[in-house]
Amino acid sequence: MSTLIEDPTVSTSLNFTPSAIWPEWFRAEQEAAWQEYLATPAPTRKNEPWRFANIKAIDLSSFGSAPAIASEGKLINASAGLGEAAARFIFGNNTLVHSEASGLPEGVIVQPLDVAARENEALFRQYFMSQPVELGSHKYAQLHKAMLTGGMLVYVPKNVEVAHPIEIFHWVEGKNASVFPHTLIVLGDNAKATVVDYFQSADHAPAFACGINDFHLARGSKLTYAAVQDWSLETLAFHINSTIVERDATSTALVANFGGRHVRGESLSKLAGTGSNSVMLSLNLADGDREIDQRTFQDHAAQHATSDLLYQNVLDDNARTIFAGIIRVQPGEAHTDAYQKVRNLLLSNEAEAISMPGLEILNDDVRCSHGATSSGIDEEELFYMEARGIPRKTASRLIVAGKFISLLERIEDESLRKNLAAIVHKRLGID
Amino acid sequence: MPATIEQDDKPQIDIDRSVGDFRYDVNYEFDAGVGLSEATIDYICDVKKDPDWIREFRKDGYRKFLEKPMPTHWASKDLENIVFENIRYYLSQGVQPKRSWDDVPEEMKKTFERLGIPEQERKYLAGVEAQFDSEAAYSNIKAAVGEQGVIFVGSTEGLHKHPEIFKKWFGKVIPSSDNKFSALNSAVFSGGSFIYVPPGVKVKHPLQAYFRINAQNFGQFERTLIIADEGSEVMYMEGCTAPKFETSTLHSAVVELVALKGAKIQYVTVQNWSPNVFNLVTKRGLAHEDAEIKWIDCNIGSRLTMKYPGVIMKGKRARGEVISIALASDGQHQDTGAKMIHAADDTTSNVVSKSISIGSGVATYRGLVDIPPHRKGCKNNTECDALLINSHSRTDTYPAIVARGNQNSFQHEASVSKINSEQIFYMQQRGLTEGQAMSLAVNGFVNDLVREFPMEYSVELKRLIDLEMEGSVG
Amino acid sequence: MSLSIQNLTANIGDQQILKGVNLEVPAGEVHAIMGKNGSGKSTLAKIMAGHPDYTVTGGDVLMDGQSLFEMEEPDERSRAGLFLAFQYPMEIPGVTIANFLRAAVQARLPEGEELEATDYYAELYKKMDALKIQRSFTSRSVNEGFSGGEKKRCEILQMSMLEPKYAVLDETDSGLDIDALKIVSEGVNALRSPNRGFLVITHYQRLLDYIVPDKVHVMVDGRIVMSGDKDLALELEAKGYDWVTEPALA
């Protein structure tokens, strides 16, 4: 086990240890991923996907493995999700501590990845990390693969609809612990499902989270996905996503970032079949000295496809956000509709929001637009509320909540929407 | 997603003697030879009788040029086709190559006709005459210069005769170290204008670069410095819609503008270099309190143009604006954009960029809007729209906006659309040919921006766009 | 002098839409074509105008003896005197009605002859007034933001300015209320003349109360299966299209 001694960002306490939970062939792949991780140079600002990034924050040197959870019961109780769920799974420090799957229809497979690798090998091999990570974090994706011991597969077969959401909780506990959450969703033709990932810290300690979530939607299928990220304010987190949408399928995904000290999010949507749709939403609250750095890619590789991205950032104190999004329309992909909008609301004088909305259009039959705005709170709006007796600070929070809630309107599932709205209100200190 | 463009294998570039099917006689009186070295710099200084401080400035620029790498990690890899050793860096205007009117190709003559270029200009543009009798044509500029105390001379004369003003600002807006090509220009600059407008003087007629043609204005490495003193106003126009007979293939100009308190500068450029030219320009303005700098830019020619006009708003309530039209046809790459730095409170900037890509043309927009910490009341509005005409064309948009603090606002919108075949069919059903339909639609797209150009240009510009559109229809 | 469609067959891609259409519209007459959706009525209109999506596989269309198909480009046919009022008129952002029509009218003048601006505007305003289109519309982009009725009136305005020999109106009445319908019909009727032929394509009989046809033809499955006078339209309205379809397919 060699470590690249010149790379200060590589942790000396995070080591690759093959685990017996995986079949032999996967362990070999993990070994290769570990070597790839060590051999890949750390990113620098000169790399286009890391332009403006705070590279110094990407320092893994203090992180180590995650010990077993002290009190599983406590975590299970704290995993409050939606009222009615089709299934619920809880991970603590990479280990599955609770599973409940009574509400799932026939044929639906929701199982930990190591079980999937054994019992559904063909499916696993076909979809597990099949999409290369192109938005900058290839090195860390390889680290994730090498260190993976948990993670879930959600498979819904053809024509099956799962009425209620499937919830997965990922907890981290302990100082400098590292967790590697993974959610792999595969929907068959015309299948339908809602999946919610919750990322939370059991304490306020610094930690490292490196998560991947990949979605594969077959013809005519429909996925609604939400990720609520609420790691401790001292956590370094990577969340890497890819969404592949086939013919006539629709994916609606929302990522809400409330926690983490430095968060790097990468989201890729590939519109791979005619009539495919992808809606990419994100609401981000950055305060204190926190940083949220998000890179996205809307890749149109089919005709009559639509993608629509809307990100709302709210910044306070010394916070910093970066948004860089590319819409690429390949040659020959006619009748493309692609939209991208990022809105930045800056509440303090020291906050900094960087926007790089990008377009790469190699086709002439497209309708694409992107927009980015940044401003402080509209004084008129504040005044209006104050004139109704609402104190300024509360008015401010209400306005921020309003921006987030209006983004949630894009979620069709009413109870999911209500639940997310409640989380937003709670996080903002509004009842 | 690399922000680079793949180019087909293009031949290396040198001072190409076979531009199109042009033929001409060559007779060099002052010729520094090919390639660049300290000796070349010394030669240039000796010929021009430059003072020591300029010699030192040039040599420093040369050193910086050698140090800096080509910016191909973000810019077009086509830059690698420039062979610096084969380029002539100094050639006296007095003996520019020329040819007879009979040798001028028919299409060129027809283009002049179509664009309505005045008779007297045609021979100059076609390379038939080395000099252009501007004195008669531009008598009103002469008046402004004479009566109002405006200084309007070539850059060489400027630095010799007005060293105090020249030295104060020269190289301050764009330091040699800014980029590889501004460094090159600092080393070998020759030609370009030096303009000083005294306080309160509002120059009524636009000053045109043509006026200075006889004194080596048009060169590969022009250096222009315009200083508008407090409360003054001036408009400067360079370039023209007609294609110009061109022998050198690397143009690397530097334009520095300084608008002092309450002053206003508008700088209008119409660029239509022939399709083998690399046009790499650094343009920047410094706007003081209550001052305004507006860049109005149209890029139609050249093989590769890289140009990102910028304004540093360094005084309160300063204003910066970039209005840009780019047309990229087969084999062309227009890589343009804008840079707005809000270095003071209550400053506003506005960028409107419209690009059209035809055939295999590539149009790229790169923008930077920077609002440093502790600023308040700053506003930016950017609109960039791209129109694609055929299925091989390409357009990329890479803006970067760095916004800080809660007291500023910016807005950026970009869109890409195409002229679709249904619209063309509709217009054809009304009797317009495909070419006429395309040019109507394209003119509609850029109409608002063309109106920003002074009258002299906007009519020619519309005709030029029509010509380009007709040429693009197979 | 007539617009003569002879045994016309045509495809879109591999699919055959027109299966042998025969129809003659003499100059000075107004003929109507009625038919269900999918019968090929709009396709016939587009093919005559030269729409690139369709391929003619057989037959011919002669306009005053000249074959339309010898003129490959749509604009050639237009300048030869054919006008198509679109079912869905296109929006052309940035191009004003004034400029668009000026270019179209100019295109018909002999080489070298310039359109006189004052004459042009006088003519344009006169016709706009007659169609109750506000004069301010001249500076609006063609059809951009127009209501359905405004778009259709704009089509008639264009026809009025271009003075075609034969005009094909493709479902000009779709999406119009009675008031709009009346204005459009008045506009069309004002252009009737012994030197001009009209082919009015419609799904509903209602339009033909205002633009009274000399002859009515029924189109089923890519062919004209029945012809009659204006009463045929009323009979069709009363009995429904199936009345025609069944004997036609028999």
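We call the chains A, B and C, going by the order they appear; numbering starts again at 1 in every chain.
In this section, contacts are C-beta pairs under 8 Å (C-beta built on N, C-alpha and C of every residue); 3 or more make two chains touch, one makes a residue touch a chain.
For clarity, every value in this text was computed on a predicted model and none was experimentally measured.
Participant: Need the graph distance between chain A and chain C over the touch network, please.
Facilitator: Shortest path length, in steps: 2.
Participant: Once every inter-chain C-beta contact is counted, which two chains account for the most?
Facilitator: By contact count, the leading interface is A-B.
Participant: So how far apart, in whole Å, are chain A and chain C when each is placed at the average of its C-alpha atoms?
Facilitator: Chain centres of chain A and chain C, defined by C-alpha means, are spaced 55 Å apart.
Participant: I'd like to verify one number: the distance from the centre of chain A to the centre of chain B, where each centre is the average of its C-alpha atoms, in whole angstrom.
Facilitator: 44
Participant: At what distance in angstrom does the C-alpha mean of chain C lie from that of chain B?
Facilitator: 49
Participant: Which stretch or stretches of chain B touch chain A in the complex?
Facilitator: Going through chain B, the ones touching chain A are 1-3, 73-74, 373-374, 376, 386, 388-418, 420.
Participant: Mind listing the chain C positions that touch chain B in their complex?
Facilitator: 49-52, 73-75, 77-79, 83-84, 86, 89-96, 99-101, 103-104, 107-108, 141, 158, 162
Participant: Over in the complex, which chain B residues touch chain C? Could you list them?
Facilitator: Result: residues 421-423, 425-434, 436-437, 440-441, 443-445, 447 of chain B touch chain C.
Participant: For chain A, which residues count as touching chain B in their complex?
Facilitator: 46, 48-49, 51-52, 134-135, 297, 326, 328, 331-332, 344, 346-377
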